[in-house]
């Protein structure tokens, strides 16, 4: 059930306490992939998992702008502060819980959101009348996860499968050649860079030519399966502050 | 140019300082219209105006959740606090301005957002490096504006024209019969109610049967024309704090 | 019962749960009317209504500074941010409610306060142990309300009746001649201006010469009567968060 | 020049950078003195000093509610959080400075405000474009300062002189007999109490019968003289952040 | 029991609801005493009192940075805003109370912290599930308290006794000769200065040569005795919001 | 140069812009290791690196309480909210930068602090007049990093080397036997647990018997070497907001 497409009277008929909140970003993904890549991919995974899940799951409208200031040097990138982002997610989860959908998976499509989502999920789960946990799709695709870059093979592949019209196939060579191989500017295990343009000329990390619609289908299946399993686990959690 | 559909390299080619930020809401619109009504309508108006405008205009992804706590009694309604909402809008406008799109119209589809948008637009325009102003489409349709309710003729008509598949035509009679004629619970000019269910049983205000796809087209044209005129006026404004 | 004039032992004797909080502003009102116009007028209406009401009503000391940054170009105008203003009102209402006066009308004299007062009243009424609602006197004077400007006939008239020594009668011609006819700099229904000096040279909107002490008496009676009726309605409300 | 009584055009004629902001409180002062005691006394001192000062001084409208939660057990006491109070004072001082009155004395009538005023004055003077400093009248009356209680001889005397109609002379015996001799519930130098009703039955500390209109005149003169001297010192300060 | 030195299993064995939170500062103390003076002294007093107290007392790790912006002109001085400082103290006290140590004395070594500690203690004691009260050691040494300066005899003496290696004895003459006699730049009872370098060349107030290890022992004994007495008084307090 | 041990006059003599801010935590580390483990270890690494670095480095006093609410079920654990923690770190770094030490490494000893430190370092480095970057010692010990648990071999070993008196060697068997092998309660890559007691009985993760003083020396050397290299890299960074 996509909330925004239903009426309130239909929403009221749902018999579930499970909800998915897709969390995207509007940020550069190289010369070949759209600024909305993370939102599209998060929505695709959420939608597939909701379809496959053996039970009702509510899907909220995606958060379209996230923690992306690090991409500010690239035109079109939008962002909020981490604090605003957390407040927004917490408020939305609170209103979901108000209607009884109080076990919420934050289906995330952007690496920059991960830490802020974990923090706000902890605050919600410890102190509010809800349980929330983040799920980042590209961390849940088995061994493929190690190929994650930025605008690289994984993200491009999922777009090629689920939203193929959004990828500029004719720019893949250029995307690969002017990108970088690794995220960050590292000294030991410390990333010295706070802006992506410090280490990638065109915003790309990884070789998007290694992506394909077939790979995209594989990734989508893997991520959605993992999310379905997570929904089962989340359904068994008890929302609300602990009584000690 | 819809930001989320473009690559950053294409976004960088735009030669404009004008942007539209559609602002919606996810909230009950009666038994016949979807929870996403306000977002869909704001996007429709923004898109039409951007198409018609004689010059480039950037369109940001819509804000999907707004100031809607007053509808909390109706299932599926989502909301943030006014404070979170303002922070979100301010941050997004700030990032638009960072790329040179520093004259921004907030294209609004929800009455409950109006005051918060005016407040944040004032803060931006007086203190940030941008100029922003809110535009609420149903206030800009001439004499039709007086028919505005909630889930009533205007909102329903625009959906019937621009997103007809979202309207449950078979529920219009029920929507009309169990709604109310007027927004609020009034003593003189004071609305005593802070929750919509205090004055409408099914969430509807006004008679949605008075809407039609034809009326929707008329409304869309009127609102988009008004927005185009506004863009001309905004283009002439000087962003940034005043020097006195 | 004006709180500030009574002792706590006398305050404790009151048998009511009704309170009035006058909310003013210190801001330019043209060359003829004092910067404290809005406070004086809000106090006058609150006092008259409290006298006329058939029952006890507590009157709190007026909030002297409000949301008036738009008048900053005119000397002597004071303001707080909207956020500070709301916090102040919420805290004061909270302490009124602490003593059992938990149904509070915010008797407002300034248009710039309206949106912020509605927002904070909603927050109080939905989430705190009190019910609060704003009442703006010049919106409650029947057909006269359409003559509202700024430092124009209505505000000047009420001063001429209730605080005549504060009006410079000899400057009324100048006030009228260098003012403007309409509030704002409009493109369609959108006010492009965030500062009053963008559309009025001397700060005046409307012709204060149309005011008179007689009109002031009429306005005061009308507004106080409306406020008395509102007190009856508010007395019937149940403060505190809803149990759903 | 009392800002609220003047027009903006007259305010604009002032040739000074000095301002006084009276800061009061609405809180119990025993059975004999009004809840508005601190505001009345702060205003009296500010007014006298402004009259006596050899030069122009702007007087802003008094802050009527302050840091008084410790008196919450006594009916009619109003308060804001310390944080709201500081924000309010900082915003008002900021708007005074906007008009060129950027050297501001916070003329305080309430002991509970002292720490919060010193903190906000430090913030303003170090970081804003203004210089502000608090002045508490009963600390500036020479050896009389040691008689300060609460609703005791000093505060009562100043009321008896400047606002005699507000004092219930017939309740002075009762006030004295059911009050306490000392503020606080002390263990060594630590006040264990956070509520005044922990150590005073009727809210009074000290014997108000030791006050008189004559003493009030003496106190007013002493405090106003000290404030005049302070204005000279403040006039010599340089507002705005330090350049190091 | 020093929390940081014990394991959680040992901490769990404590049978007390009393805790001490030493609160220091990192700030200049002249050319002869270390920047950590206030922290060292607060810890010394807390430790001695915990040892002497007839019962268990938990000692939390000291807050090392406090409200010290006034010393910013002197190298090495660290500070947080008052607001951050209060939040930090409130959070730490909240976690102490979570484990049952809900009667907390804030053992303070820095004058600049006093007001902020009193404010946060009030907030905790009135609204949280704990009772907290500040204790400033140099205010609790009898008649010696009147010799308090800054880096002067009292603070230097306590260092000489408890941490003698930290004092540069060979710089005491220089410290005394380039310091000042009195804290502040006074007009009447108002301190005009917000920065210590406005009234002391080398940061010292008072003559540190009047200190000695013997005096330090005397001070430590006096302060610790006072703190022991306070612990008895605090043990008798009831934590948590009042029921009225 | 340890700031708290030096006088301001000595601090002023330093000729460096490099600073280390150790960041610890007070939280359970099993039955064998002290609650202050993370602070002790962060300090040990910072101290060693400062000693070894070929140039001056300022060392600030350690932050003793961090982001540790997840350990709240274990007695003695202290924590602040993430927001308070970030504010505290940002303020301290700001005051370091005020004195010219504007390139700061946050030397961290606690996994729960990592995300919050990265966030605040980004805010500082992008928007303040400083450059800051977090360094977590156990991530910088080569292949040993994979043995990191909680109160496990790495943390215990570093204590055994640098602070051997703090480890209860006689409890290591018990610590190992009642701990768990892995941090978290996992469904795929998602940790479902927000409290450590959901997956470890005594708070331990990993087998502390695998630690030793020799291993501790190895770890300290490795971490300090990595930090020395990082200091070289940080010295080459340009603090302050980017000019684009």
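Should a chain be cited, it is by its letter among A, B, C, D, E and F, assigned in written order, with residues numbered from 1 in that chain.
Basically, a residue touches a chain if its C-beta (ideal position, glycine included) is under 8 Å from a C-beta of that chain, and two chains touch if they have at least 3 such contacts.
The model shown is predicted, which means the values in this text are computed figures rather than measured ones.
Here the chain-to-chain distance from subunit A to subunit E, counted in touching steps, is 2. Chains touching both subunit A and subunit D: none.
Although subunit A and subunit B carry the same sequence, what matters here is overlap: shared residue numbers make up over half of all numbers found at their interface.
Of the chain pairs E-F, A-B or A-F, the one whose interface repeats that of D-E, sharing more than half of its contact pairs by residue number, is A-F. For the pair subunit B and subunit C, the distance between C-alpha centroids works out to 29 Å.
Each chain gets one centre point, the mean of its Cα atoms, and the points for subunit A and subunit C are 48 Å apart.
Between subunit C and subunit D the centroid-to-centroid distance comes to 26 Å (mean Cα coordinates, whole Å).
Annotation for subunit F: residues touching 2 or more other chains are 69, 83.
Taken as a graph of touching chains, this assembly is arranged as a ring, one closed cycle with exactly two partners per chain.
Listing the chains around the ring, anchored at subunit B and oriented toward subunit C, produces B, C, D, E, F, A.
Interface of subunit C with subunit D (complex): residues 3-9, 11-12, 14, 26, 28-36, 39-40, 60-65, 69, 72, 74-81, 83-84, 87-88, 91-92, 95-96, 98-99, 166, 168, 171, 202-203. Chain contact summary for the complex, subunit B toward subunit C: residues 69-70, 73, 82-83, 115-116, 118-119, 121-122, 125-126, 133-136, 139-140, 145, 187-192, 194-195, 226, 229-230, 233-234, 237, 242, 244.
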